[in-house]
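Okay, got some structures for you below.
Next come two complexes, and both contain chain A; in the first it sits with chain B, in the second with chain C.
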Partner chain A sequence: MAVADETSGGTRNQGSAPQAPRAAVIVGGNRIPFARTGGAYVKSSNQDMLTAALDGLIARFGLQDERIGEVAAGAVLKHSRDFNLTREAVLGSALSPETPAYDLQQACATGLETVIGLSNKIKLGQIDSAIAGGVDSASDAPIAVSEGLREILLDLNRAKTPVQKLKIIGRVRPKDLAPDAPNTGEPRTGLSMGEHQALTTAQWKITREAQDELSFNSHRNLAAAYERGFFDDLITPYRGLNRDSNMRADTTLEKLSSLKPVFGKNLGSEATMTAGNSTPLTDGASTVLLATAEWADAHGLPKLATVLDGEAAAVDFVHGKDGLLMAPVFAVPRLLARHGLTLEDIDFFEIHEAFAGTVLSTLAAWEDEDFGRTRLGLDGALGKVDRAKLNVNGSSLAAGHPFAATGGRIVASLAKMLHEKGSVDGRPARGLISVCAAGGQGVVALLEAA
Partner chain B sequence: MTEPQPVVLGELPSLSKLYVNAATTAARRRVMGTSAGERLPVVSHEVRNVLADVGNLTAYQHLVGETASDILPAGYVHALAFPVSMSVMNRDDFPLPLLGMIHLRNHAEQHAPILFSEPLDIRSWAENLAGHRAGTQLDVMAEVRSASSGDLLWRGVSTYLAKGVFLPGIDKPGNSNGSPGSSDFSPPDPTALWQLGLDAGRNYATVSGDFNPIHLSVLSAKALGLRGSIAHGMYLASRALADVGAVKSDSFAWDVTFEAPVFLPARVALDIATVHSGSGGWERSDYVAWNPRSGRRHFTGTVSALS
Partner chain C sequence: MTDKYTQLVSHGLGKDVAKRLGLPQPVVLRRYQPGAPLVTGPVLVIGDSAGADDIATTLLGWGLDVRRNALPKEELGAIVVVLDAVQHPRDLSKSVLTAGTSLRDLAANARVVTISRTSQSAPSPASAAARQGIDGLLRSLAKELRAGTTANGILLDDDLATTSPSALGALRFFLSGRSAYVDGQFLTVSSTSGMLPNDSDKPLAGKVAVVTGAARGIGAAIARTLHRDGATIVAVDIPAAGDHLAAVANEVRGTALQLDISRDDAGHRIIEHAIERYGRLDIVVHNAGITRDRLLANMDEGRWQSVIAVNIAAQLNINEALMASKYFKDAPRIVSVASTSGIAGNRGQTNYGASKGGVIGMVRSTAALMESFGGTINAVAPGFIETEMTAKMPFAIREAARRLNSLKQGGQPQDVAEAIAFLASDAAGGISGEVLRVCGQQLVGA
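And now, the complex of A and B:
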């Protein structure tokens, strides 16, 4: 047996595309419209929204009482009571209660990572069906007690005598009573995500006009996609919302250019990042149904696309070597190389718009000859992304970005686009997803029309 | 019987005003020695185009353990219809005292899921005035229809007992209205244990609008002759319905029979048993709740598929 294994193993090089025994197919997806924080979902919890997205998926694909191989989802802003969030959502849904589930958290890459992880399980033959997803609520965010009060409360719990308890209570100081709310600051730098991006935006000399134009296109493309019914089988209304509430179908470049900068105001260069070219805090949830082709066929369900591969990367942003949100810049060349592809072989690019500056800095890095040679180890620039293929149905700037829900939104939409496109030059249409995440991380994935 | 004559109310009556009115009516009847007669009013009350308040719906869903979905839980529809039913029982010609009535049984039929955004026509009337070994009972009926299509979406029958009230001409029945076999009850192993705080009554009053004093505080309950405040029956039944969960079909019947009241605070043991049909589909879920210390049964019920 060892010999046989060695032989078959020897036919592939390390780091080359593994020959998966079977494909992981994207059957479809469902999400609830994304709502600006404090809006339609103000009182809905992560569990409520994830369950709503799941129930819409179940209804769309007739999964009532179905035992799914595994469900994985997550949230970035998570209450301590939500330790088993995904399993609780499954129990509250119409799926069979015998469906196992686990939580995953990789900041804004959570949703995409659940898709990749579950696809791998399907490819390995461990499961035949899976639901990936993510949810986040900035409205119903957890607020913790201060670190001082937390220690006092824990000590109080351990105290045995009334005298001990009184002594401990006496330690409470007014400052301990201030609650500890979550923020988007990086723990190691103290800079918010927007301030980090402002550094990168300035470094790559991205203009205000280019950022506003990207944001304008995002709103225009998303609105057009809604108009032609693209989202009809991707979205279930929730709490009276039918469309993403952040979308401004009537926005203009003039309006966007009139907004005041909010990030990077203390840098040497001009501040270019506004509320219009940055994503707002958003509430929402998304889900994606994955399966083997056989499972989809047996259930009479569509096969939109296959999850070919995924790649994660991380950068040393703490010491300023790279920008906080630039990890996908490194993940994409590695993923493409593994499949012998270039940017020109891609038919749809889905680059998550954390900020317009993030997308444009990413494109600039890939177009930079010197960066390609010195940092990516290539002969020159990685290449140019055809802007006509970029975020063609809008992205996070228009739709909003409920952190962990963004991956599922992109995967389901891209799978549908690939399915509609079918083949290009006799080969299946290809799509590339790139999602940046806090902590200097990035996750990217390659999809192909099924 | 004669078809009840509809009286269309302009809006949902305020439950707090109805309770105040019920108290003054009771006092007036006691002082004047008058009664409203021995027959149920042959009218129905109706409120049209009722819309659920989404904030209130979410609070209700979270309180009873439902996920905040866009579908109204059957117990929420009951709460929505309750003011209309109360207004019927609050009529001057209603023969029984509203305050102090005991909820014996509740039957609800959910014929189709109701979206929170759907305008509803709610109609309620009373019928089946009958003797009970401990007083006089009646059924309060409620129907909830889609305001746009007129389709019947939900139907409820709440059976109440006016304890100690005996109307002339209505005979006491035999033993048939007693709770059968409650003394033989031997508790099964529980599938769940609820911890209900002293505030369980107030919390449900806040989301349902049912501010009956017997649920609000020890003092207000004692004023009405109880030894303490008790949980709302429909709160308990709604939690059981939430525990049955998503297994139930889109259309179902939901029954509950109340026995020993749950004095707050309380621990309540619950057992839910699912029954599958021959083809393996869900047929019904039976539930029973009891006091884990005394073993006294609080309520029993069933959620079953409507064919």
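And now, the complex of A and C:
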């Protein structure tokens, strides 16, 4: 129920004084279908898509004119005009214009980090409600002028006389006119994310067949989830798109196995990573509504799950100590240890499929006795992930991966899965989220059915 | 809003030219605006029965300028002809002819309303003849009226006073701009249930209403109108229409429920959503519908089945869940959108006609089941309504369909919504199992 806050202007205290930490509840989520780059959202900006995702969330939960405690979202590929992206999206939405907002950016972990950060504010009693989210457009990506041209233009701006201006313009060389488009290359290694993962995939001896099978399952599971209406209250269509355009419900292992490798081609016969088992560039946006249990009850809204905890990690990929996308391998054991849990205590695993090889390398590292002892400081291997509990409603290989929007997609879907599962052996169902990110980072989180 | 031709011939030169050429002269209809007066001028109440006196007293109580005898050359807002006591066709003449002498004094967008009794309950053949005679009289008169003026009738069961709550509710509806595109129609009042609203601009205050097919067109107009009348809206449509649905839900400050109503658990999902979010469910408007037109000779099973599934089977299924629910027991309202295609038929629409005829049958049968807990169920049958769908019709066919009614224009989605809002209100508690046509008195067909 939309309850307009009449004490506008921030006079009402949104939180209560810090006492014992409170639970941060996931009420639900909304995203727009993810579109392959250059597709349905080719003319949509980050702000357009984030606003659409917000408005769908507002409609689903009746949040019109509501002053939400805080909204946090972000994008990985940002235009300079997106400097206050989230606040601008809030102002364009049906929320109360008195809702504060901030941008956050942690590469592909952006979306999950907004959930964790806002949950912490709720737990601390600083706010009672929050919306976390993320958006990315690879279609509408910013293109910058070359560094040379940029310096010349700035000098030109400072020049005072026509003579000075002419001199400066004379410095322009043809090579300066080539635009500087964004890429997924790591600044410190010059290698693309796919090339980095190809090294890791080979290091952990992940087979082509295993990668194709993981991709096949992702498409099959996502299509099945659509068919049974799982996404009916998680997605709002946008620009004529009802489902993730990357999804191939009819793909087969044969088709996937026929694709040529695109990454690690210098590895020869060990080149296993194809367009079929890697995520494509994607456009999309997602949002998650978080609150205290009391706020959800007062608004007659569901309580799907609670955000128990989160953990970030980073690896030294620059010197080759670990693979670029392997940070979650270290974050998960730390998170589980903090709660006295093992992999066997988890009912759903949501491991972001940047590449099939990323997921499989992660699982291989956790199953490796030596790695567990020497790198994780355990008595042996961390353990085995029951594959029947892994990405059961599909993940990024099928849905696509608009960088900052992936965290929100996973959190909302997992919260709904946990709610449907309810309890396991008399305790609330548990879910683990793992998201790898550029820069050798990883963010993981633990959710529990509410 | 109004079509271009109507705009052209409503003013100045266009008006003169149309008049000289004998072209149709539709006027811009008087549509309800919150706070607007009920009628545009004095109301002449005709009839010598006690029921007529009661109506005159009631209208005075509403603050209207009431006449029991016409003043020469005075422009009238409405004529109410009370014929509740007629025993024989001969008894009609005095009141009817009196009304006739005042017709030229009616303002544009005025109203003629008759109040009489149902012929089914008549005690004698002569009484039945008199009562049924009013049916033919009113429908003919409606075709004679000009300039947006309409004629509609209220039929009372035998033991009901002219001032029973829903008789007055129906009278207010017919007098007001809410009934702009309802012409030549009757509403039967069959019980003393119902009550007039405290605030006539917010007759649905405190109610929670579900509207299916709310993403666009008539459904979106229903959501807006029920919201304007004070209801909290649960807007339902298929997941694929979710973006339009979200826009409507945000506009009316309600919630969007993406749901395929032909799912087996649709009724349960609707009840669950309304109760969880709002703690109550008062009104369900079955508006969602599809067309899959083909001549029957070319009809495939898919086209036939999908229309039946969405347009009528889903309504039957949802109604079963509603009537079994403990949350749908406090004088609830169901209003279905039927169609004049379900009454008069339409070439190429055997499937659609079957589904919409089915809606009418369902409404009549379900009324008895709703009675025990004070619930009502009614249908509204739209004629030619200006929507995205009818805008796609070929020009000549559209123009013909638009003009072939007594008001010489298509209706607006809001017109359908206004009729639904009335039938969903407390004031309509004594009206159930009825089909109200919102068609401007379509000239062809039934």
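Operating definition for what follows: the second predicted complex is superposed on the first by the 428 of 450 C-alpha atoms of A that agree within 3 Å, B and C clash if a C-alpha of one lies under 4 Å from a C-alpha of the other, contacts with A are read in each partner's own complex, and residues count from 1 in each chain.
Quick note on the criterion: a contact is a pair of C-beta atoms (placed from the backbone, for glycine too) under 8 Å apart; a residue touches a chain by one contact, two chains touch by 3 or more.
None of these values were measured; they are calculated from a predicted model.
For the three-chain model obtained by superposing on chain A, do chain B and chain C clash or fit?
Overlaying the two structures gives a clash between chain B and chain C.
Looking at the overlay, what does A:Gly300 touch: chain B (first), chain C (second), both, or neither?
Touch partner of A:Gly300: chain C, not chain B.
With the two structures laid over each other on chain A, which partner does A:Val163 touch: chain B (first), chain C (second), both, or neither?
Neither: A:Val163 stays clear of chain B and chain C.
Does chain C touch more residues of chain A than chain B does, or is it the other way round?
It is C that touches the greater number of chain A residues.
Applying the touch criterion given at the start, work out whether A:Ala52 contacts chain B, chain C, both or neither, answering first, second, both or neither.
both
Using the touch definition from the top, say if A:Pro237 reaches chain B (first), chain C (second), both or neither.
both
When the two structures are overlaid on chain A, which partner does A:Lys43 contact: first (chain B), second (chain C), both, or neither?
first
Please indicate which partner A:Ala94 is in contact with in the superposed arrangement: first for chain B, second for chain C, both, or neither.
both
Please pick the stretch of chain C from 113-121, 293-301, 329-337 or 383-391 that overlaps chain B when the two structures are superposed.
Looking at 113-121, 293-301, 329-337 or 383-391, the stretch of chain C that collides with chain B is 383-391.
Chain A residues touched by both chain B and chain C?
On chain A, the residues that contact chain B in one structure and chain C in the other are 52, 55, 65, 94, 237-239.
Tell me, which parts of chain B touch chain A in their complex?
54-55, 58-59, 61-62, 67-70, 116-117, 245-247, 282
Chain A touches which residues of chain C in the complex?
These residues of chain C touch chain A: 232, 235, 239-243, 245-247, 249-250, 253-260, 263, 276-279.
Going by the contact rule set out above, which residues of chain A touch chain C in the complex?
My answer: residues 1-2, 52, 55-56, 58-62, 64-65, 94, 229, 231-233, 235-239, 242, 300-302.
Considering only the defined contacts, which chain A positions touch chain B in the complex?
Against chain B, chain A makes touches at 43-45, 47-48, 51-52, 55, 65, 89, 91-94, 97, 237-240.
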